[in-house]
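Down below are the structures I want you to see.
Each of the two complexes below includes subunit A, the first together with subunit B, the second together with subunit C.
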Partner chain A sequence: MPPKVNLQKCDGCRAESEALCVQICPGDLMALDENNGKAYCRSARDCWDCMSCVKACPNGAIETRLPYQLGYYPAKLIPLVGSNKISWTVVDIHGKVERFTFKNRND
Partner chain B sequence: MPPKIGVYLCHCYGEIGKILDLEKLSQQAGKWRGVAASIHYPGLCSADGLEIIAEDVRQGRVDRVVVGACSPAVHRDTFLRLARQVGLNEHFLERCNLREQCTRAHRDQPALAMAKARNLLKMAVGRLSPAESFEPVSSSTSRSVLVVGGGIAGLTAAENLARAGVNVTLVEKSPFLGGKVARLHRYYPRFCSPRCGLEVLMARLLATGRVTVHTLTEVTGVRGTAGNFTVELLKQPRYVKDACTGCGACLEVCPVEVAPSAALPPGRQRAIEGPGLFPYPLNYAVNRVFCRGKSCSRCVEVCPAGAIDLDQEEDRLSIGVDAIILAAGWEPYDAGRINNYGYGRLPGVITSMDLEVLARPDGPTGGQLIRSHDKKPVRRVAFIQCAGSRDKQHLAYCSGVCCAATLKQIDYVRAVAPGAGIFVFYMDIRTPGNLEELYRRAREEHGAVFIRGNPYAVEWDPVAEELVVTADDTLSGSRIAVRAELVVLATGMVPCAVPAFERLEKDTTGFITGHLPCSPMEVRRAGIYVAGCAQEPMDVSTSVKSALAAAAECLATIQNQSVVVPPVVERHKCDRCGRCVEECPYGACSFDTDGYPAVNPPACRGCGICQGGCPLRCIYLPGFSSREMAGLIEAVDTGSMDEQPCVLAFLCANDAYPALDLAGTRGNSYGANILTVRVPCAGAVNAGWINDALLSGIDGVLVVGCRTTECHYGRGTSLAESRVNNLRETLQRMLVEPERVQVLTAGIEDGQSLVAAIKRFVKQLQELGPNPFKE
Partner chain C sequence: MAAKLPAKLEEVGEVRLETDILIIGAGNAGCYAAIEAKRRRPDLRVTLMEKAHIDRSGCLASGMDAINTYIKKNETVENLVRWSRAQAGGLLREDLTITMAELLNQAIEEWEEWGLPIKKDENGEYLARGRWDIAIQGSEMKVILAEKVREYGCEVLNRVVATNYLLDGDRVIGAMGFGVRDGKFYIIKAGATIVATGGAAGLYKPYTNDGVDSHHQIWYCPFNVGTGYAMGIRAGAEMTTFEMRWCAVRTKDFNGPIDTISVGYKAPMINAKGEKILAERYAHMGGDASPRFVRANAPMEEWLAGRGPCYVDTRHMTPEQVKTLKIDYLNERPSFVLFLAARGQDITREPIEVYGSDPYIVGGHTASGYWIDVKRATTLPGLFACGDVAGGVPNKFVGGCAAEGMLAARGAVEYLESLADRGQVDESLVAAEKARVYAPAIRQVREGDGVIPREMEERLQRLMDEYAGGVHQFYRMNRERLEYALKHLAILKDQTRYLVAHDLHELMEAHEIIDRLDVAEVLVHHLLFREETRWPGWQNRVDFPERDDTRFDCFVNSRRNPQTGEIEVFTRPYEQIIPGDRYRP
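And now, the complex of A and B:
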C-alpha cells in the first residue's frame, strides 16, 4: 500500500529543488504535485513499503498504510527517528501496541 | 585523539558545597568516560581557582573544561576570559548550573539535588566529548554604506559615517537634497532657519570627500545580506548638465507655472526648478511632468552655459555596499481625503506644510499672509489639529509633531500679522518636555484661542467671502462657528513607500521599525538600519538623534566585530532543501555558488532558528551538533529520579533560563527532576532532539521560549510551537501521549509562574505514567 501524504502537514519541503521524500525514494516514486507543491506517490502499485519516505519526512506528514496481507486497518507501523536511534511503533489489528527501539548511526 | 575533559566543581564558598557532596560527585565524575581530571575547589571564580583550570590546560592535562558552578549567566566573562588566555576554544568550555538551578532550587531535597547535579554534569560531559573546535569566522569588507534619502536624517547619518571613514553613497529621489526640512520656514525649539543647519551639515559632509550623491535616483532592488548587499539604482535624467551655473536665466523664460501644492497659488516656481534657498546641488532640474519638451525649448536657447539637454536618458547602476540606512522620510497625509474640510476645493484651506511654504520669504507670496483670491491680508486664521489623525477612517495614530508645529506656526502668523485672530481647534495638545513653553507662549503672549473640539465642517460663505469652521466645543458644550480667511489643517505623517524595501517588517502604523526597545534602529533584516521619519513620526531634532543612533549601530556592524559564531553547514549531509534560507529571520543564510546554504557572519545573530528547522540536522551552532546533543541526552540517567518523571527542558537563554535561575534564587522549588538545556532561542530546538529524548526514556520534554510578541528573533516561539505541534500529531498516531511534549512561554520575570507551569506539567506526566519507549 502506498504512502499517504497528509496535505495539511506536507509543505513540499518548501518546493526547493527536490523534497526529501522525492530524493530518498529508492523507486523514484514520490513527486511534487505541480498545482499545490505537495508530495504524492505517482505509482502506488510499485511501492515496496520500505518506509524511507516516512522516516525522512521532517513534518511527519507521510504515513504508510500496511498492505492487507500484513494487517487490516487499524494496524500501523510508525517510525520515530532520533540522532542515533530509531523506534518502531507497531499496532496490530486488535490495537495491541509494541515498540522496538534500535541503535543506528545517522550522523 | 580521545578528549581529555576536566570537571571542575565549585563549592561557591559553601553555598553549593553544603547541599551537594562535591567530594563524592567529583570522585564519580572522575570515572566517567573521557574525564581526565576531576577537582572540587572552594571558589573557582577566584584567582586561585581560575589558575587551577589554567594550569591544567597549559600542561595539556585537559583540553575540554566543564565548570560546575553558578549559572552561565553569572561570571560569564570570568570563564570566557580564562579560556581566551590559555588558548582554549570557547566551545570547549561548558558551564553546568549547579547553583541557581540545583542547590538553590532544591535546597530542601539534598538527595535529589545530588542526583540532578550528577545528571547535569553527565550531560555536560556527554555533550563535550564529541564536540569539535570552531575557529571564529571573520571576513574582510570594504566598508561602504548606502543611505536612502537625502533629508536631514539621511544627511546626518551620511555625514557621521563618512567622518568615521566609511564610503557613503547617498541616494535622493527628488532633484535636490534637504528633504522636508529644506521646505520649512523655521524649526522649533530655537526658531532658527533650517537652511542654516543644513548648510553646516552639507559643508562637513562634502569636506569628508567620501560621499557620492545621486539625486533623482531611486532604489529599485536590494539583494544580499549585511556585508554584501547589491543595490540596483535607477537614475532619472535631470536634463541639466553639470555646466549649469545657477544663474536662473531659464527660470525667467519658462512659460509653465507650477503651484507648490493643490492649495497654493503659483509663485516663482516653473517647470524648470532651481535649488531654492538651500543650494545643493546647484544645478537646475527640469520637471518633465510639467515641461512642454522640445517643442518649447526656450530654456535651452537662453542658457548661457549651454547646460540644458532635453535628450538626457535615464541611467541604471548597480553598487555593492555593506549596510543600508533607510531614511526615506515621510509625506503629509493627503488632506484632500478629509472631505468635510474642503482641502483643494475651498480657497484658503491649506495644510501646515503649505503654511511653511507660504511663510517663507521665497514663497509664492513673499512670506506675506494674503488671501489668494483677492490679495487682501488675512485677518483671522484657524488651525485644525489632528486633521485626519487619531481617526480610524484616516490615520489611527498620533504623529506627535503637529501640535508643536502649529504652536510654532502661530509664531509665524504673529510675526507677519500682529493683529490677526488665531483659533486652534484641538482634541488634546501634546507638547512633552520643554515644548510646553511653546504652548504657554501661544496662549499667553500671542493670544491664540484654543477650542477643544474636532470641527465637523469647513464651509465657504459666498456673501462674506470667508470660511466658516463649525465645531462642538466640548468644554462648554456649545456649538461654535469661527469665521476665518485661512484654515490650516495640521495633517499627520505617512511613511514614504520605497518599493524595494516593501518586504521589510512594518509595525501596525506602516512605519518600518526594528525590535523595540532592544534594537530600534536595525530592522529585522541584518544590515539595514532605519533612521528619521521612516521609523516613526518625529520632529527634526529627534530625526537627527535617530540618524546618529542608526549610524552608530551601522558602524558597529560594518567594523566586522562579529559577536556570535555563526552556524556551520555539514555539506555531506545537506540536501539543499532551503528551510534555513527561508526561515532565517535576518536573511543571513543564502545559497552560495555551489548551491549549498552558507551563512554570512556579519548578518548572523546566532538565534539558531536555522538549526531548529533543519530536517537533517546538518546546520548547527557550535555546541548543538547532532552528536553533541545526542551525547547530552544519552547521558541522562532516567532511573535516578526517585519515581519522579524525568523531564528535559530546553530553555531560551533570553528569558526562560534566567527566569528559572531567578525562581531558584528566590527558593521556588520545582522538583529536582527537571534537567535543563540552555538554547539561544526556542526556535533553535530541533524536533530530532525531542525524538532523541523520548527514545532515551525521558518522560517529558519542555520547550520554553519568550512570549510570542517578545521573541528577540521574531518568530522563534511560534516556529517552535508549530514544529512541536507537528511532532505531537505524529506521537498521537504512534499512541504516545502528545502531552509529553509541550511548549511554554515565559517572560524574564515570570519565574514563579514558570515553576507553576512546570509543576502542572510534571503532575500531568505522573498521571500519564512512564514513557512508553522506556525499556
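And now, the complex of A and C:
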C-alpha cells in the first residue's frame, strides 16, 4: 500500500544523517528523490501499511492511502504522535470524522 | 544515500567483526535474546544483525493489541500445554512448550515495566480477552524493546542482510551478509550464534494482489521471507513440521487479525444465510473454541458449498464497544480503521467479512521450524534458534517468542562458556559466499539482461498457490500437484543464476527470492510426505482426506544434504509428558 508524500511538507529531513522515513521503513521502501531531495516510496506494492514512516515523519508529510482496489477514495487516517500517547483522526468516505486518543507508553 | 552496486567483485568492501554472541534478526525474540545474554554476562559482546531498523523491524512493526498467551492466576503450565496441544491437532513438542511456558509471564511483565501499557480489570489484574489472552496497548512496544536493547549495551547493525552461516565443518561460527546501505560484505565471527529471523511470508500468492498497489496486503510481516530457515536448510540443519502451515481466518480484503473481534467481543462467525458456522457445524470440534485450523477451514468450506460470503457478526456491538475495538486495531494494524472508513462501513449495521489468508510458515503459530532441544540448540553445533524460526512450539505468539529468546540466550551463553576454541574461518567459503551474494549485481553490469527478483517471486507465488495448496485452491492439494510444484521449483532454483539487481534494494530482493525457493522446496517435500489430512485448513491432502494415526502420529522432519542437495524426509516420535487426551484441551 502506498504512503503518499506531501511534497510541500517534506523537507527530506535535511538536518538528519538519513531521512527518518528512510531510516525506519521495515521494507527499505522509502528513499529520497535525487532530483528534489524529497521522500518517495520506491515500490507501492511492497508496502505493508504498518505506518512506521507516517508516525516517524517530523513534518506530518506522509499519509497512508489504501490501494483503491481495496478501499474507496478519499478516506483518511492521520496520527498525532505525543510522548506517551497518540491521537488518531479518521475521516470516512462520507466525511464522517472520528477521533481516538490513548496511552501507548507507561509514564 | 545508498552506495552504488559494485561492477566487479574486487570492488566490494569488507567488514570483518568478531563478537561473542551474534543474533540474526532484531525482532521480538532477537531483542529478548540480546537483553538476556547481557544480563547473564555483561562482559560479553552481543551483536544484533538486522536487515531493517531495530525500532520497527519484524512482526511488531505496527504494534499489537493483545498478548495471546499469559498464564493467569487460576491457570497452570500444564493447562497451557493441554490447550495448545489440542489447538495444534495433538502435535507439539511438550518439553519445549513447558520450558517456554515457565518463562512466559516473566517476559511479559518485564515488557510492562519497560513501558508497555497492559490493560487492567477492576481488580488490578491484567484484563483478560479470552482464556489465555490479555489486552495491551502495544503500538510502540517494539520501540520500547529496542530502547532497552541499546540500554543494555548491545551492538546493533541495522540494514545488514544475513545470507549464510560461517561454517567450520558443520559447526556455526557466525554469519555473512551484506549492507543494504553501504554495499559492503560482512563477515561476522561469533562464539555462539542465535537465529531469530522470523517465519516466511510470500511463498504463496495472496488473493489481494490485483493491480499494482496491494501485493503486500497480507497478514504476516511481508519482510519476513524465511531467510533463517533457508540458511539452516543450506547448512544441513534438521527442520520439523513445515507441512503444518499457518492459514488463518482474517478480515476479507485487508487480511487483518480477527481474534480482536471474535475473541475480544464474542462476535460469532456466520455464513451468508446467517447461520453460526462454528456453533452449528463444528460443535463436535469445540464450536467457537475449535482449533484454529478448523476456524481457518470453516469459511472456505462455506464458500465451496455456496454459502459464502462469511462474516464475524458485529451487529450486537454497542457504540462504546466499537470505539474500544477501533482503538485495539489502532494499536495493532491502524490501517484497518482506515479500511473501514474507506468502505464507509458502520460495523453495528454491517458485519465484518472474513476469508482465509495466504499460507505462511510461522513457528510462533504452528510447529514449523528448526528442530531444537530445550536449550534451543539446533542440530548444528553453535547455532540456537528462537521465535517464529524455531519449531515445535505452536501458539507461543508474542510472549512465547520473547520467552524463547531468553532461553536461546541462556543456551548460547552456556555453550560459549564450554568452548575450547572458537573455530577457524575457511577463507575459500567466504570468497564463494561473496561471489554468490553479489552475482545478481555483477550479472546486471556484465550481461545487462536476466530475470528481476519480482518476476521470479511472482512465478514462485503462482506456482505454490496453484499446485501446493494456496488460498485460491482453498488450501487443497494432492500428490500430482505437489510433484508438479517440485519440478518447477527445481527449474526456478537453477534459474537463480539469471537474477539481476540494479541497486542494493533489489540485491536484497534477489536474496529474498533465493531464500524463499529453498524454503518452498522443503515445504513441498513435507506436504508430500504426510499422506493424511491432520489439519484441514492448514494441510488438506484431498488424496488422503482422513487423519492416519497409525502412520503419522509423529513429527515429520527433514534435512537437506549440503553436499548433494538431496532432501531427506523422516519421522520423529511424539513424546507425551503431560497426561490426557491430546485432542482435548
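One rule holds for everything that comes next: the second predicted complex is superposed on the first by the 98 of 107 C-alpha atoms of A that agree within 3 Å, B and C clash if a C-alpha of one lies under 4 Å from a C-alpha of the other, contacts with A are read in each partner's own complex, and residues count from 1 in each chain.
The definition used in the following text is that a residue touches a chain if its C-beta (ideal position, glycine included) is under 8 Å from a C-beta of that chain, and two chains touch if they have at least 3 such contacts.
From a predicted model like this one, the values you see are computed outputs, not experimental measurements.
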Subject >> Superposed partners subunit B and subunit C on subunit A - clash or fit >> reply: fit
**OP:** State whether A:K76 touches subunit B only (first), subunit C only (second), both chains, or neither.
**Re:** both
Subject >> Touched partner set for A:Q23, first subunit B, second subunit C, both or neither >> reply: both
Original post:
Taking CA centres, what is the subunit B/subunit A/subunit C angle in steps of 10 degrees?
Top reply: 130
Original post:
Can A:A44 be said to touch subunit B (first), subunit C (second), both, or neither?
Top reply: second
Original post:
In this superposed model, does subunit C or subunit B come into contact with more residues of subunit A?
Top reply: C
Original post:
Thinking of the overlay built on chain A, is A:G60 touched by subunit B (first), by subunit C (second), by both, or by neither?
Top reply: first
Original post:
Which of the two partners, first being subunit B and second being subunit C, lies in contact with A:V91: first, second, both, or neither?
Top reply: both
Original post:
First (subunit B), second (subunit C), both or neither: which does A:C13 touch?
Top reply: first
Subject >> Which of subunit B and subunit C A:P2 touches, first, second, both or neither >> reply: second
**OP:** Rounded to the nearest Å, state the minimum C-alpha distance from subunit B to subunit C in the superposed three-chain model.
**Re:** 7
**OP:** Take the contacts of subunit A with subunit B and those with subunit C, and give the residues found in both.
**Re:** 23, 76, 86, 91, 106
**OP:** Please give the residue numbers of subunit C that touch subunit A in the complex, ascending.
**Re:** 1-2, 51-53, 55-58, 61-63, 112, 115-117, 137-140, 144, 159, 180, 208-218, 221-223, 253-254, 323, 326-327, 330-331, 333-335, 337-344, 505, 508
Original post:
Can you list the subunit A residues touching subunit C in their complex?
Top reply: 1-2, 23-28, 31-32, 42, 44-52, 64, 66-73, 75-77, 79, 86, 88, 90-94, 96, 98, 100, 102-106
Original post:
Along subunit B, where are the residues that touch subunit A in the complex?
Top reply: 575-579, 581-582, 613, 615-617, 625-627, 629-630, 633, 687-689, 691-692, 694-696, 726-727, 729-731, 733-736, 772-773, 775
Original post:
Which subunit A residues qualify as touching subunit B in the complex?
Top reply: 9, 13-14, 16-20, 23, 56-60, 63, 76, 78, 80-87, 89, 91, 97, 99, 101, 106-107
